[in-house]
Each structure stands twice: as structure tokens, then as C-alpha cells.
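In the two assemblies presented below, chain A is common to both, partnered first by chain B and then by chain C.
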Partner chain A sequence: MNTQAQDSRRYIRLALTAIIVVVAILVLLNLPITLLQSSIRLATPYVLGSMAAIVASRAGVLNLAIEGMMLVGSFIAVAVLYRTGLDPLAGALAATVAGGILGMVFAILYLRIRINLIILALAVNLFISNATVYFMRTQFDAFGTLADPSIRALPTLTLPIIDQIPFIGQLLSGHNAVVYLSWIMVVVVWVILFRTQFGRHLRAVGENKAAAESVGINITRIQVFALTFSGMLAGLAGSFLSIGVLSQFVDNMTDGRGWTAITVSLFAFEQPIAAFFTALFFGLSEALSFYLQARPELALPPDLLLALPQIATIAALVIVALRIRAGELLKRREFAAQFGRELSKLRQGQIAGD
Partner chain B sequence: MFRLVNRRLLLLIAAITLLGIMSVRAQDTTEYVDECVAETASEAPAEAVAPPDNSDISFTIILPNPRGDRSFIDSAAAGAERAIAELGVQGTIVETAGVQEHDAAIRRAVQDSPDLIITIAVDASTIEEIADEFPDQLFAAQETFFPENPDYDNLALFNIFTHENSYLAGVAAGMLTRTKIVGAVGGGDFPGINLFIIGFEEGVKSVCPECQTLRSYVGSFSDPVTAKEQALNLYTEGADILYQVAGRSGEGVLAAASETGNLAIGVDSNQDDLYPGSIMVSAMKRVDNAVFGFVESIVNDTYTPGVTNVGMAEGYAGLSWDLGICSRTFDENGPEDLVAKLPEVRQAIAEARAAILAGDIVVTNALLEPAS
Partner chain C sequence: MSNAIELQHIRKYFASSQVLACDDVSLSVESGEVHAIVGENGAGKTTLMSILYGLLTPDEGQILIKDSPVRITHPNDAIRNGIGMVHQHFKLVPSFTIAQNIMLGIEPNRAGFINVNSEAEQVRNLAESFGLPVNPDLPVREISVGMQQRVEILKILQRNAQILILDEPTAVLTPQEVREFLTVVRRLAGTGRTILFITHKLAEVKAIADRVTTMRRGRNVGTHFAKDQTIRDMANLMVGRVVTLTVEKGPAHPGETVLQAENLLVAGADGIPAVFGASLDVRAGEILGVAGVSGNGQTELVEAIVGMRPVDGGTIRYLGQNITHALVRERREAGLAHIPEDRLTTGLNLTTNLDENVVVTSYQHKPYSQQGIFSFAPIRALAQEIIDKFAIKSARVGEPIKTLSGGNLQKIVLGRELKGDPKLIIANQPTRGLDVGSIEFVHKTLIEARDKGAAVLLVSVELDEILALSDRIAVMFAGKVLAVLDAKEATEEKLGLLMAGSLELHEANAERAHV
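== the complex of A and B ==
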């Protein structure tokens, strides 16, 4: 009887999930394709940023300097392309390297000189935000905005075959290289973390430093790697803003996206795949708020619409929390029922498990 | 509230249609003369005059944000630089990172006791407190709005209203739109920004009553990425001309216009040359002239405390097409069919300008009527 009840419950849950998925797909199909493309673009810095946060925090270092690492990427990408005539991809590569170097410096300051992690991260963010302005003035003689026709944006790529499929082709094809790279990076991060020995060590360091050290794992090496890799991902995310969406650097152009990326990673319980979908969800809710703003017939207050991503986040957090709680309650009730049955069997003189 | 606005709008539209009919008739007789072309022909080359020596006079200007918006703040800084160069005074330009530094920056400037401290878009409470504390220091505040006009002997307030030149930009947009949909991207939904947007929308409706106007607010003045996505969205919705009123975020709107082959209207500074052919005109706010005027008032000893509100009539607001700037970038780079319409558009703008200055057209001032 018990298993039957469990089975039927499982079917109900499966059916509910299926219904939700179908409804979600129907809703998505009815939204204009440009809105979905826009949400993919908006989600890309969150995808890369949350991967950066996950890699670092899985290795036991909370990287709060993602904002600064992103900004460095945005700046370096433009600085490298400014009047050099280089290919935009060189800008993205330089941004990645610059982010990596900053990550490594961060790691050395933290692990060698032992500066408090939070203070260090805040200092890095402030330093980068002002250093970019300083170099923009001294090196490029530009105030606030660094723009020049020589800075070209990353070209959009057309995916062969996929491009022919209706809807999917329009949705997935025609983005720039960093967007596709961000998707690949999700898989790469997942493989590194969960399918390699190095990833196992990295997670072990994050779970319990002392235990990992006792079995001979080189903690410093792992954390330096994690922070460098984290910086590279954040730098790439930054280059997407300056030469992916725009083709200029604007003072403090990340505008809090690094912090949102950290939220995304926490929201997804530091799971790469879940973080990817969370980032897409954040991007979609932002794009949706822009879409609804441009519909005067709805007459929705713009301030409320601009808060839509935040409202959606809180709603989703509440749902997740309720689900966890409901799961716990269910387990507790099942345990009580099981316990009661065992107890009554004992009273009847039977021995459990006999 | 909405009904009131509607009635006002209807009246306005009726008045403007009447005017329109009259102007059509007027067009037959008077041919529009491009003042700029006439001016450049007769203009003599400017002579370099050595600045007078006023090095005993000093001023400090506090900018509300770092320079580099290629708009409002840069315009103020340009005015200060012009004052230093042309009046020969000692000037210090102080850039702040944001509202959190305004108070400290002004107090620091007071320590140097310059002849005048100019603040740009600083909160009313900040400037009031400091002006009260240092009665011997002269202050001039640009773009600071008090709920009630304060009465300090050492504080001059200067406000430039930009609803009227936004109206003219709206006239241009209404005449040049192909899709009959135009839009505005604002930095945030508050009266200081809606001043521009409402004026613009009224201008659009005056020449194109059936046109639809869209709005989008970025929620930040330093997020060009979001602004670009919003602009792309508005262009997808069918808008072909967007008016950006979003500071550094506005860069994203201009970039979107150039990328999609649509048009944008710049704001505050002359932005026509940023993407030649994609920015048809800029609604200029001559903050530079205001700053220059402040310094000049000290040099000439004509400083007067109190509130001064100026706008298009006084020459502090206008378009980049106007006499004095004469931007013709769009004429040279814009789409041919639209460029062909420009003389007609300039004629309509000249008429609308005359009607506004004569008081025949009253453009809603969102700052004075926050309820609208």
C-alpha cells in the first residue's frame, strides 16, 4: 500500500512537472523571438560570472571581486583594440588573460600575504573601478567613455545546420562567439568539477580544507588555480559587455552585474547546469521587463517593471524554500509513520526485519 | 489626472492642427532660408584675442559625476574651461564619483574660499545646509530644485528647462518617422527626465497626431548595455526614431540606432557626430553657457542671488541645428528620402519655435507640474 501511494505521488509530481514544462514552452513560443534573443544576450554575463563564482567558491574561496574582474575585462578588451586594428577576438582573449592575471594576484594576496578575503575583494573592486578611469584619461585622453571607430564589436556567427531549423535556429544562431563560449564553459566547468580527479580535489578543498590537506592535496595550488580560472571567466564576461553588446568602454559599465552573477551561483546551489538556467531566467525576466515597458496599453508603472527581475528572484527563492521545507515535512511524516508501524509490530511481539 | 491631461492634449492638438493648416498656407509664400548657410557666407574668420587678466578671480565647479557622458556633465565642464580660457580667471574643476561625495567636495572647496563655487545637479538639502553654514561664500547652483524657493544672499539658483526644445525635437521626429512610431529612453521615471520626454511626445503629436509614442526607462545613468537592449526592443516594436535622455546609458541607445539603421536624437550636448547619419539632431541644453554666465557675473560684479529659470527663449535650450552650432552632419550622412524633407522640417520647427516664444503653444513642464 505504501509503495502504491508513493508511486501515485511520484506520477502526480511527474505530471505536474510535465505540465509546467509544457506551459513554459508554450509561453516562450508565444513571446517574440527578439525578446528571447535579447534575454540570451542579457544572460551571458551572468552565465560566465556565475561560473566564475562557482569555481572559486567550490574551492573554498568566496570570490566577491567578480565585479572588478569583469570591469577589468571590459576595459582591457577595448584598450587592446583601440587604434590597433586587431581582430575583436584578440580583445576578448586579452580580457580573459587580464582577468586571469587579476585573479592570480588576488590569490597571491589572499594566500601568501593573508589579507582578509572580504576586504581584499572590496578593495579590488574599488581599485579597478577607479584605475580604469585613471588609465582611460592618462593613456587614451578620454573622459568616461572610450569609443573609437577602430574598436569593432565581435561579429555574430551563424551556426550551420542549426540555423535552418525554424524557431530554434533563430533562437540559437546569430550570437557572437562569447555567447557560444559561455555555453561551452558551463560544460567545461561541470566536467572539471565532477568528472576529473582535479575537480574532486577542488571540491574536497572547498568542503573541508583540513581533511583535504591531511590526505596530501596541495590546497594553495588548487585555490590559485580556482581564482585564476575564476578571473578568466569574469574577464571574458566583461569583454562581452564592452565589445559584445557595445563597441566602447563606459566608466563602471558592469553596473552591478558581477554581484548579480554571485547571486545566480548561490541561487543555483553552486551547480553549473542549474546556474546556467538560473542565468537564463534572470536574463529573461530583464528582457521581459523591457518588453512590458514598451507596451503603453498595459500602463504598468516602469519602476515596478524595472524591479521585475528582483521580484522574480524573491518569488523563485520562496518557491525553492517552500519545496525544501515541504520535502523535509514529507520525510518527517514518512519517518513517523514508519516508526509507528515498527513500534506496533514490536508490541505485537514481532521483531522488525524478521 | 489622466482625464485632465487628455483634455489638455486634445486642446493642444486642436490648436496645433489649426496652426498647421495656417502654416501650410504660409509655406506657399515664404521660402525657408537656412540661416546657417547665410551666416557662414558672411562670417569673418574669428580673431584670436588674448584673454583679459582676471587671475585674482577664482571659481570652483563641482561636477556631480565624473566627466565623460559626452552630454550634460561634459557640457558643464566645457563651460568652465571656456570661462578659464576667455575670461582669464583661475578655475578648478572638481569631479565627484556620485551623490555620496557631493557634500565633502563642496566643503573642501569652501576651504579654498574661491570667489564662487558652482555646483551642478547637487541635492537641494546639501547645498542649502552649506550655504547657510558659510554665509560669506558665494554659491551658484545649476539644476538644483527646491520645493520652495530659498532665500539666501549667497546662493544663486539657475534652472534650464528643456521641455520646449524637446518639443522641437519631437516635431522633427514626428515629421521624419516612417513607421509612425517614435520612442524615448529615459534614465529614470522622475520629473527631471519626464520634462524632456513629455515635451518630446507633445511635439511628436503636434505634427503627427496618429503617431504612437513609446517609453522605456533604464533605471540607471551608467548602464549602456541595458539601454541598448531597451532601444533594440523599441525598434523591434516598430519605432524608428528614439530620443535618449539617459546620460552615459544613452550611449547604448545611439549604438543601437547605428547598428539597426534606425535614428536617434541626442541630448544635452551636440551628439550628432558620434554616429554620423544615425543621429538626426540633438536637443541641446547649454549648461556650458550657464556656467560661463556664472563666472562672468563675478567678473562683471553682477552676481545676483535668487532663482533664475531659463529655457529656449533665453537661448539656453535649443537644437544642434540652430544658429551657433549649425550641425549639418545628418544632411550629409542621413538617408536621402529624409534629408530631402529637412528644409520642410526646419520650416516647421522655426514656426513651432516662434509659436512657443509667442506663447501660442504651451508645452507641459513636467517639473512644475509633477502630477502630469
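== the complex of A and C ==
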């Protein structure tokens, strides 16, 4: 039926995508390279956070506690480094483990004790936000900021061969280990979801629990694994904020990035690769906010600049809603294309005054 | 011959609903036999099969497979013992392909990585060896219901099931699909597999089963050879008393046209027209049955007629008046009654009591309220009146209704809707999920209303019901009324073809023959 129309529509869509990509590349090439580099760096929490959201919601649990899990990661990374003076990588590892534990606790509270998901997520987020403040005061005598010269940030790495390539080398080389790890995690999440038995089971659980259960898949086990993994990714994302960019922990450091990460996964329709590029866009919006703030000569209102990432978030959510609606419109238009004459005849029977 | 399965003294009590679902049930099934299990709703058929498949654990009793006792506490145990089950509601993952659904849980893999090629290959071989061809790469959400059922059957065959449990397998199929399905069942039994199937369609039992077990109120009331039993015998055994299978009704005396729908255009939930140029009319004193495979626009048609869904084109006339865009209340005040498809969510409010449920359509009038304040005495009187008139056994005035059975709930809906002798009754699937006794009651009530001069529009996916009650029969397909037949000239065969939309095909062939 109607394949010609479908084909031509596909070509139009491909052409549009190509035009957008070309324009985007041209625009990006004209941006200062430092801005692009910091975009890539600042995208990291969104990359990892959106992977956390994707893993959980593909398994059928909307993980609304990512914000709290990220915050735990930020705090634990700094706390562990402050107490032990170990290598920063140990901090990132500790953050991952802490996020994982929180994810597992979350899973048990939700799946075993059957606490309402929304209430549980609210409780976890509020609890973590206040618990970090409490421990900062009681354990570290710090108010608002936990910083110490002994806390080192993650060192930047130079990629051996890529470093030599002009432009690309500047763009891709010289980030810290968590940034590269986040890229690897995108591939890992994709492979797990779409190439492994575990991932297939996970997606089956997320889409139709009854179907998975009837063939003997242990739903609870899959969801506990997924939430634990989700928590680990979120914890790692949090460590990037505290020891990747700076080397300190600040009250409520995540500042809504966990929620934005959920937006990223929604915008990408829970596809890991698409989420990666969406996250880069959010990284750009954040980098742009910093970049423009540092240029008072442009005389842009500072409040607006600060809100740039949030504006991007709202725009993304609007686009998601529009896309879902566009899908409906498209189906309706296909129907009209097929039965147009009959449809208009029926429409004309419409009574006056409607 | 050896027994494939033997169930001994199975007992299952549900404490939460205080129902003894299985009461000392024993049953033995031979290898290679097609064994039907029939019974009214709530007779314990599905509970018994769920116990066999490990979804429920019995309180007492044991299960023997090939004469040795086994413990089945989880579907995995059942699968290991060669038992597979096709559930009434299919358990498929819509975005997965046919192959991915069939192989779910048993994917060929190396170190956890799925071997996609071997997966498709295995499915193709399996489908070929049983003569049930499928395209392994099609996503399940794009295939027909009949094909989905085939996928479910292949899914359990891939797990080497020797015993297949089928829960109401024909409920969702067209008559032609049913016939194909029955041959598949026969072929599977021919390979030595044992088929246990739950149904309430006794004609199918006669057509396919070797033996039939009848259950009533959690007990096995007899296992017989199907060929020795008539449909009437089985029905009587199911209900425990003599039932009249044919609905007794006199000839219709159709009067003026009450409802006239012309070229209706109604959008479904996704915005695509679900009713697409449907026209029909119902006259006073007749029952117009609307047959069709579910999902061909019947629900939307009904919702448009009762005013719950906006009409995009066409007109609806009620006693000559245009009501296309009238409000639900305006239509009801004019004498339209609606027995909705889903009594649990649309028909009744289960979270409140009987009184509120019966007065909800007339609370704004005297004597039930005055100046916006309820008068409780007349409301209670109304509730009592409905209880008495319709013999709603366990209902009490002022009491909650959520513990009542489906039959009693439907009686409440009927009592409310038929009060005050409406001129037009729209009944959508009025007997869905009811037991034989309640079905009989609903049918009688509708015919009584007809004889009192009401116009009745009956929508049902049960062909038997349509054939038994209707004076004229309209068949819906793809949002259109394909044909309206006189009930006398309608046969199951003819309706089945129309329901599959093949009238167009016939006409096209006829035209070609003329040229």
C-alpha cells in the first residue's frame, strides 16, 4: 500500500536530516574550539545520566531518583579522597559503587517492599540532598562547600595518535578518564541492550512483564540488576561533577542535572546512541552559558544566560511532545491519502453549525 | 494407553476472595488426546490449568506426569516437564519480531551474546516442521490476531512441549480462523501431543475433542467421550439444571424508525477514522444485531451513538430529530439507554455503593433530589426495587458492590438502564464474561424490552448471541456496515465471510465475470 508515498517521504526526511547535519557542522566549525571542547566535557554527566535513565526505563522502571544517585556519587567521591588521599580514580570508583548500592536499595524498597515509585523517588532525592549536607557538617565541619588541597581532580589524558590530528585531536584528546569512560559506556549499554540475552530479557520485561514471566524470566532479578547498574552509571556521572570539573563538593551540586538526564533519554526515545548526541547538545548549551557569561562585552542579560540549559531542557520536552503528536498526524495523513475522496465526501455530510 | 497427566485431589482456596476455586478435583488425560474442559465462569477451569502450569500452587493434591509425581511451583517446572500454555490474553512483546518472541528466554547464545542467524534459522525450521509458516522477521505488533496465536503455539512447541494447555483459544478468532485453528489442533494431537483446552463454546468441543471434562463450582462433575454427549447434555451438566439453549422469542413487530445513523465518520483513539461511513437504522420493536470481529469500529460506533465520542461526519437521528452533537444527558433524557461494553469501568462505579450506582442516571430529578439535595428514602426505594425486580441475590441497599459477581453486576446495569422503559437500548457485549445462567437472563430481558416496543441495538462479537437474538443483522468490517441481513437468511458461514470483509472480494469477482 502506498509505498511510493512512503518512499518519497523517507527521502524527504533523509534530505532534511542531511541538511540539518551539514548546517550543524558548519555552525559548530565556526564556534571557538575551546567552547566545543568544554561542551564535550560538560556533556559527560548527561551522557552517563541518560544511560542510567535508559537502562532503568528499558527494564520497566522509570528511575526518577537519578538526581539523588548522582548527588551521592559527587559527595562520596570527594569524601573518600579527602579521607584517604588516594588517587582520584579511586574516588570515581567509590562513587560508582555508592551509586550502585543506592540503586540496589532503591530496587529492593520498590520491588520487595513495594513502596510507590514516585513517593520513593521523592524520598530518596530529598534524603540524599539533606544527608550530604548533614554529613558535610558533622563529619567534615564544612558548610556549603567541601574542599581541600589534598583532594585532587581527575587528571586529563592525552590520546596517543588522535592527539596529532589537527582540530579533531584538540577536540577529542585531553579529557579525563570519566569522559572517555562515558563514551565507552554508551557502546556498552547499546551492546548489552541489543546484542545480549540479558538485554533482550531486560527489554522484554520493560515492554510486557507478563510475556517475560510466562517464559520463566525472573523479572525481579532483571529489574534489581537494571536499577543497580543504573545507580552505578548515575554515581559515576556524579563523580564527574565533583572531581572531574572541580575538586570539591558543593551543596546540591547536581543542580537538576539528573532530571535533565531523564529528559535526554526521553528526547532520544531511549536509544543509547541518540541519547549520546542529545547529551552533547545539552553539554553545548551549558558550555555556551559559561562562555557567554565570561563575555560581558556582549551585554547579554546574565539571568538568561544562567537559564540557558534549562531553556534547552524545556525546548527538548516540547519537541518530544510534538514528535509524539506528529506521529499521530502522520498516521492520519496516511489514512487520508489512501481514502481521501471517501473521507471528504463523509466530511461534507457534516451538519452546519459544527 | 498411558496417562500423560493425572491430577489427583487438587484443592485451592483463595483466602482473599473466600472462594474455593478447586474442590478435590481429579482428572486424567491420555497421551495424544484432545481433552476439552468446559464450565461456567468461575467454575475453576482456569485455576486448575494455572495450577498445572505452575502459576498457582495447590493447597492439597498432587500432579503426575507419565505416572510419576512431580512438583510444579513455577512455569519453569512446567516447561521442564513438557507442559506449555497459550494464555487467553497473548503474552507477546509487541516490538520484538516473531523469532525474538518465540525464542524469548531460550535464545541461542555464546557467552550471553545472541546468535541472531541461528535464531531465525531455528524458528524457520520449527515452523516448517509443524506446517505453521511464519515470517520470523516481522514485528509482532504488525501481525494479525490469528498469526499471534500461531506464534504463541510455536513458542511452546519450541520448548518441546508435549502437553499443550490452550485457554479459550478461539475467543478472539473469526469463524474461518477457528476452522484453521481446529485443524492445527488435530494435527498436533496426531504427532502424539496432548491438548488440553478450556472453552465455553460447546460446538467446538463436539467438533474437536476426544473427551470432555465438565467443571461446576470448583468440582469435576464428569468426564465423558465427546461423541457420546450432545451439546445440550454438556450445557445441562455445566449449569447443574436444564437450560434452554435457544432463546424463545416471537416474531418481531417493527414499528417506526427510532435510530437512524447515516454515513458516520468517527475517529478512534489514535485519530484515525474507526467508523468510516457506517449507516444503519433500528426500528421500534426489533433487535438489530451488529456482528463483527472486535476492533472493526463497533466500540466507536456505539460511543458515537450514545454521545461519548464526537462525530466528525454524517448524522445520527433519533425519532426524526438530529442528535448528532447532542449531549449524553440530552440523549438519555430523550429515552436512550446504554449497556456499555465494560461494566466494571464504564457501566458501574465499583468504589461506591449500590444506591449511587442505580441513581446515577436520574439523580437530578425528583424524587431523588430536590433543589440539589439528595432525598435518600426514594433512592433506597429505587435500589430495593431493582434488587427485587431482577433478583440480584447478594446485593443489599446501601452496601458496596465490588464483591458482587459479574452476572449480578450486569443485572444492576440492566436494572438501571431499563427503568422507565427506554425507547432505544444500546447494548454492547452485554453478556461478555457472564455464566450461562446470567446470559440467559440478559437475553430474556432484552427480548422482553423489545416486545414492549423498544428498539434494541445489540453489538456482540459472539456470533451465537447475534444469531439467537437478532431480527436483523448488520456486519461491520473496517468501520463500515458491509451488509444488513434478515436474521432468517443469515448463516454462520455467510456472516463469517462478511466479518472477514470478503463481500467486496465476491463482488469484485462477480464484476470481473460480467466483463
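In this section, the second predicted complex is superposed on the first by the 268 of 354 C-alpha atoms of A that agree within 3 Å, B and C clash if a C-alpha of one lies under 4 Å from a C-alpha of the other, contacts with A are read in each partner's own complex, and residues count from 1 in each chain.
We adopt the following convention: contacts are C-beta pairs under 8 Å (C-beta built on N, C-alpha and C of every residue); 3 or more make two chains touch, one makes a residue touch a chain.
If you're wondering where the values come from, they're calculated on a predicted model, not measured in any experiment.
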First (chain B), second (chain C), both or neither touched by A:Ala147: first
Partner chain(s) touched by A:Ala79 [first = chain B, second = chain C, both, neither]: neither
Which of chain B and chain C A:Gln293 touches, first, second, both or neither: first
Touching partner for A:Gln248 - first (chain B), second (chain C), both, neither: first
First, second, both or neither for A:Val215, with chain B first and chain C second: second
Residues of chain A contacting chain B in one complex and chain C in the other: none
Touch list for chain A against partner chain B, complex: 32, 34-35, 38, 41-42, 133, 136, 142-145, 147, 241, 245-248, 250-253, 255, 286-287, 290-291, 293-294, 296, 301-303, 306
Partner chain A, residues of chain B touching it in the complex: 66-70, 73-74, 183, 189, 212-217, 219-220, 222-226, 228-230, 232-234, 236-237, 248, 251-252, 255, 274
Residues of chain A defined as touching chain C within the complex: 195-198, 200-201, 203-204, 207-208, 210-217, 328-329, 331-332, 335, 339, 342-343, 346-351, 354
Residues of chain C that touch chain A when the two form their complex: 74-76, 79, 85, 87, 89, 91-96, 100-101, 104-107, 109, 112-114, 155, 262-263, 265, 270-273, 276-277, 312-315, 322, 324-325
